[in-house]
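Some structures are shown below for you to check.
Two complexes are shown next, each including subunit A; its partner changes from subunit B in the first to subunit C in the second.
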Partner chain A sequence: MAKPGYILLKLVEVGIIFFVILTALFFLFRLSPGDPISKMVDPMLTPEDMAHLIQQMGLDRPMWEQYLIYVKNFFTGSFGVSFHYGEPVATIIADKLKWTLLLFTTSTLLAAFAGVFLGKIAAWHKGSRLDNVMSISALVCYTLFIPWFALLLLWILGFKWGLFPLGGVLTPALWISNASVVARILDVLHHLMLPLLTLFIINLGSYLLLMRSSMLSVLREDYILTARAKGLSEKKIRNKHAARNAALPVITSVGLSLAFSINGGALTEQIFTWPGIGRELIFAVSNNDYPLAQACFLLIALVVLCANLIVDLLYAWLDPRITY
Partner chain B sequence: MSLLSVDHLSIGYQTKNGMLKAVDNIHFDLEKGQSLGFVGESGCGKTTIGMALMGLLPENAVILDGHIRFQGDDLISLTETQWQTVRGAKIAMIFQAAMNALNPVMPVDEQIKEAIITHQPDISKTDLADRMKELFDLVDIPARRMKDYPHEYSGGMKQRAIIAMALACDPALIIADEPTTALDVIVQDQILREIKKVQEATRTGLVFISHDIAVVASVCERICVMYAGQIVETGTRKEVFKSPRHPYTRTLLNSYLSLDNLNDIRVPDMKESPDQTVDTDECRFAGSCAYARGCAGRSPDWIDISPTHKAFCCNPDVIRRGHGKS
Partner chain C sequence: MGQIRKSTNNPYTKVCDHQSTIFLILMTLAVLGLAVVGLFSCSQSKEPSFLKIGLPEEPRSLNLWLGTDANSRNILSQIYQPLFRRHPETLEMIPWLAKEDPVFNEKEMSYTVTLREAKWSDGSDFTSEDVLFTRQLFSDFKIPRYYSHWRIIEKVEAVDVHTVVFYLKEPSAVFLPRVMTAPMVSKKEWEPVCKQALATEKPLRFLQDYQVENPLGTGPFMLHEYQKGAYIHMIKNPYFFGQGQAIGNLTLGPFVDHVLFNIYGTSDVAILALKKKDIDYYWWDIQPGYIKDLEKNSDIDLHYNKKSALYYLGFNLRKPPFNDKVLRQAVATVVDKAFILDRILQNHGNPMHSIVPAGNHFWHNPDVRKYGEGMDQKTRITTAWKMLADAGYSWETPPVASDGSLTKPSDIQMPSGEKMEKFVILTPPADYDPKRAFAGTMIQEWLRQLGMPAFARPMAFNSLLETVKAKHDFDAFVLGYGKLDLDPDYLSSFFSTKNDKPRDWNMSGYRNPEFDKLAATQKLTVDVEARRQMIFDMQAMLLEDVPYYPLYNPHIIEATVNKRFEGWVERVDGIGNIWSLCMVKPVD
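Presenting the complex of A and B:
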């Protein structure tokens, strides 16, 4: 069990790191080519209006004051207004984030559970035909090029066989009509299937291989021999003694891939026109939508940190040696 | 009926270079409450014997010949499921704690309870708690440390916990494989006393395996000296330790450092161990033997020195003469 002191220490650590990122980001945006004034203020305006706008945006204040305002705004949750949408950034991000989380958490967790289960079996029957089939398929999945595979599934399952919609998250007609909640959920799930399947298959390969090799090294440990010497059944040795130790590296991997799915999933989101954060970030950067891009970056940092924190705490709970 | 009776046991390992005979025609008996030590250098086959007695031989091991009878039953013919009812319940093993013998992510008491519950699934909670307390008392670990994880234990405590685990189901036979090898001498001494005390108190049969003849002599009533898969000398502790007869036993004792022979250490000029993939009746030690006189090509035989003491050699004169400790 993780000790309260350890949790507190981790929280403080995360807090400090986040503050550093927050600061770095502020200066990064000030350092980017072109000053914010020329980006944010329309040059067609009269000098008086320009001066008024600059003053209103606080851009005439000294740098340190701007920084303090920036930090204050972050903690009060006001990220400014998107140039493109003209809406508060927080609202936009919240909307996009839920779709990203839905797709990536589900696919990563499903793939991790399946990978741990199958990898455990493969390692247990090492060298058998079952193991060979699983390992080679996993290797193929692992080496698949995501955009190619995504397009392939989209083409076959979506376009040729028409089993799934080609993109988006919902059918507009259904949502305008007063369909039941169940119908709406089913509609989202229907849209979710293709991207979910793509990510699941690709992730499954790496988790299976990771679990398999981890399990194989654990099976050589002496405590497995001890467990045998106690007269435990094979199943108990495999599930209780071996798998629990072997799953530890998989947990780290899940944490990291969840953390990076927010931005790393941009390609998948683009192909399936999934309205998530990754797609939004690309859009914001290519359209010079600074407030939106800045908030996206902060969000990514926050998610990476949180995922790491969760992995750390989970690890401390699963492996009692960590807290020392 | 003996508790354990091993009869002409030969075990080989399937290797790239053919069948390696790790245990060659081994023969011994053990009565209830007795202790028997196996001593020899690395690779002499002592651990293979221990693993065979637990039914835990590696996959490439083959039992070529012989029988292992335990309480009258032939162990070699047991299936894996039948073995699971023997292991831990009737025959238990004490491993070396320096190895990762305890699962790092499970509290120590859970790991010991597991051994009890596996063989006595109907045990009540209070009986289990009583038994746990009894076991921890027996090996001198304070009860408040029961729920700790293995990494919170010292090396000596881990070894005690492993002994407690082996004792959990009151086995009739305990196999201890190098149980003190990685411990410092003081803790080693404590643990050896512990094993001896417990073994005498529970009247358990003990097979003790070590490379250290002094350790074996301090725990066991009888000693088997092994070389290249064969027992070369067997006798009571006193006979083997005080009046070794086989040239290899003498070599082993001579290489042992003591205050008496500090200036007179004769570390023998040992050749490489013989190639055990070659099946032969000839003496395996002849190449390194200081007493070898025309032994090459001859088969050694058992030579009796006393009813309990005998050695396996081609040269009865060398064995009968008895050179004391050198």
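Presenting the complex of A and C:
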């Protein structure tokens, strides 16, 4: 188990790294070419209009002053107002995050469970036809090009067979007609299926292969031989002795994937018109929407740092030999 | 390892196989279950009275002062209305919220505008007070895009509830096309917001960030519901002033009760939605790659219209080598617009000869100097070579041999005897606009045939604008305007000497006192025919001096499903306009 001193040290470390990221983000955006209005190629917009807009955004102030406001805003819990949408950044993120978490967290967890389960079986059956089929399928899934695969699923299941909608998160006519809550939930789940299936299939491959290779190396360990010599059942050897140890790298990977899942996936979200944070992040960066882009990156950094910390501590719990 | 293999015969592994089978069956059942639910809900959603329109992106904002992007404008233009707008066919300014043409009083330098007896979507009256308030709002907040035009107004007076007099500081040719086309807003809706905003440190920012829940307008539709990230539902405005009225010889509706805007993240998916009839119209330009497929579909109509757009090659006239007019003319001569049109635009467009697009037929001057017209590539190079040689340019090995055949030229030397330095043609990257990127590459190749050290370089759009518009640190560039205003006053913005400063619109650094004089005079010329002649002269001058060389004007291609609605109104810039939404009706 991790000692309180170690946890405290880790928390300080996370705090310092986060502050460095906070500062780096501010300067990276200010140093990138252009500003929030430079993309407005509109001859009706005079240089005076542009200067007025810049002044109203507070971007005419000295850099250090902008930085202090930014740091102060962050520590007072305010991320500012998006230049592009004119809405508080926190509202935009909360609005988008729910959709991203629904899709990406669900797909990561489902794929991880299925990957661990199937990877365990593939390793246990190493060299058999079942293993070959699983391994080759997993490799194919792992190397699929997301936009191509997503469009293929949309075309076959959405357009040709009409089983699923062509994107979005809900059916407007259904929502307008004041359908019941159950009908609305089912409608969202229905819209979720195609992007979920795409991400599930793509993620499944990597988890299956990771679990399989980890399991194979564990099965070669002496303690597995000892377990057999003790006369333990195959079920106990596989699930308690082999799979639990083999799952450690998968847990690390899932932890980080879950953390990164708040980042969403711009391509998947774009193709399925999923109103998540991935699309928004790309859009905010390309439009120099500093408050929104900074807040998105800070959120990702914070979650990834926390996930790393949790995975570190979880290791000690999963493997009693590890102490901090 | 042998032990592991042996374990495959263990009864437990069969249990595992069973578990995996059950797992897979459960997953499949869940997916199929939702598919069935989906089929049911999809069949319920085919509501015939809804006109369904696809948008490529979420509107930026439904606040008029912030929502300046195309998608927001598409929605807001159904709500907020101007006093005058352009007729879809003639493109002339016609009264809209105004009742009749304005009465000009030359002595007082004033326009008297009589308003229609229109109502806001909450049933309250639209009056001259609203016009006065709108003007005050533009002035108090220095609203970008409007304030600069409304500055020409000295004062506005309300004679009565439906009569407003605009007093101008000086005569203005752009009073109707620029001032009177501004959207009118309700005093009742905006006055309290403005009061709050003016009390803040950043009034404009406050005004733009104000969240408009239920915008009050006078247009054909009003907002009913906005589900962010999903759809926008608009319903017919029962108080629309144009309902059943003949305006510009068109008897207006709207003839649909509901309009539903759906968002599609990619054109691929939007096209599938059209083919599946999930939407009736996709409010975006269809790329030529989709056209063959759509043409085969009898349920889909394609609409081809001219665009008020300008795609051009620009030069930096502030430094060598392009500070030489003859060199620019020679470059213009070797550019093969027919090739660009054929290979890059797949013939979905027109070659552009003047800065004002041909679709803007009243202001377009068809008789400007045309470089290389009707010439084959060999003649182009020969002609350009002669022009340059006559101006003092030289080569060790010229591009044209003594027998008239083309050769690989050595590096070109300037009239001063110095070797021409390598120069760069900046273009947007291919993922932003493949047409402009490929046009840049082709121009590079043609210039190299003349011995010029040309290099086309794609650059991120933000950086490109920063380099060209703010820093003026470039040689040449390929850029464009996808939607130019129909009033040609932009010629003054693009080429007046006073605008040759960082971040202003004279990016080329064109300085011509004669042009400046015309640009200033046309702005003050109320006589349309006289102004037209000036605009024609300005175009001719520009094609002689070639600060910009117009390349092409792509068609706007749009698609509609023809089974449910008909009556789309075609005009320059396509069928996506308020006239269409006022005229479209369900198919009998």
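Following the convention adopted for this analysis, the second predicted complex is superposed on the first by the 273 of 324 C-alpha atoms of A that agree within 3 Å, B and C clash if a C-alpha of one lies under 4 Å from a C-alpha of the other, contacts with A are read in each partner's own complex, and residues count from 1 in each chain.
Going forward, contacts are C-beta pairs under 8 Å (C-beta built on N, C-alpha and C of every residue); 3 or more make two chains touch, one makes a residue touch a chain.
This structure is a prediction, so every number in the text was calculated from the model and none was measured.
In the superposed pair of complexes, A:Pro62 makes contact with neither subunit B nor subunit C.
By the touch criterion stated above, A:Glu221 is placed in contact with subunit B alone, subunit C being left untouched.
Note on subunit A: of its two partners subunit C and subunit B, the one contacting more of its residues is C.
In the superposition on chain A, A:Gly77 makes contact with neither subunit B nor subunit C. By the document's definition of touching, both partners, subunit B and subunit C, reach A:Ser233.
In the superposition on chain A, A:Phe164 makes contact with subunit C only, while subunit B stays out of contact range. Once the two complexes are overlaid on the shared chain, A:Pro4 sits clear of subunit B and of subunit C alike. Common to the subunit B and subunit C interfaces on subunit A are residues 228, 233-234. Considering their complex, residues 1, 3-5, 7-8, 10, 12-13, 15-17, 19-20, 23, 27, 31, 34-35, 37-39, 41-42, 44-47, 50, 58, 60-61, 63, 66, 68, 142, 144-145, 147-148, 202, 204-205, 208-211, 225, 227-231, 233, 260, 262-266, 268-269, 272-273, 275-276, 278, 460-463, 465-467, 469-470, 479, 481, 484-485, 490, 493-494, 501, 503-505 of subunit C touch subunit A. If you check the complex, the residues on subunit A that touch subunit B are 221-223, 225-234, 236, 241, 244-245, 318-321, 324.
Considering their complex, residues 54, 56, 80, 83-89, 92-93, 95, 99-106, 111, 114-115, 118-119, 149, 151, 162, 165 of subunit B touch subunit A. Those residues of subunit A that touch subunit C in the complex are listed here as 32-34, 38-50, 52-53, 55-58, 81, 84-87, 95-96, 99, 114, 117-118, 121, 124-128, 151, 154-155, 157-159, 162-177, 183, 186-187, 189-190, 193, 197, 219-220, 228, 233-235, 238, 269-275, 279, 286, 288.
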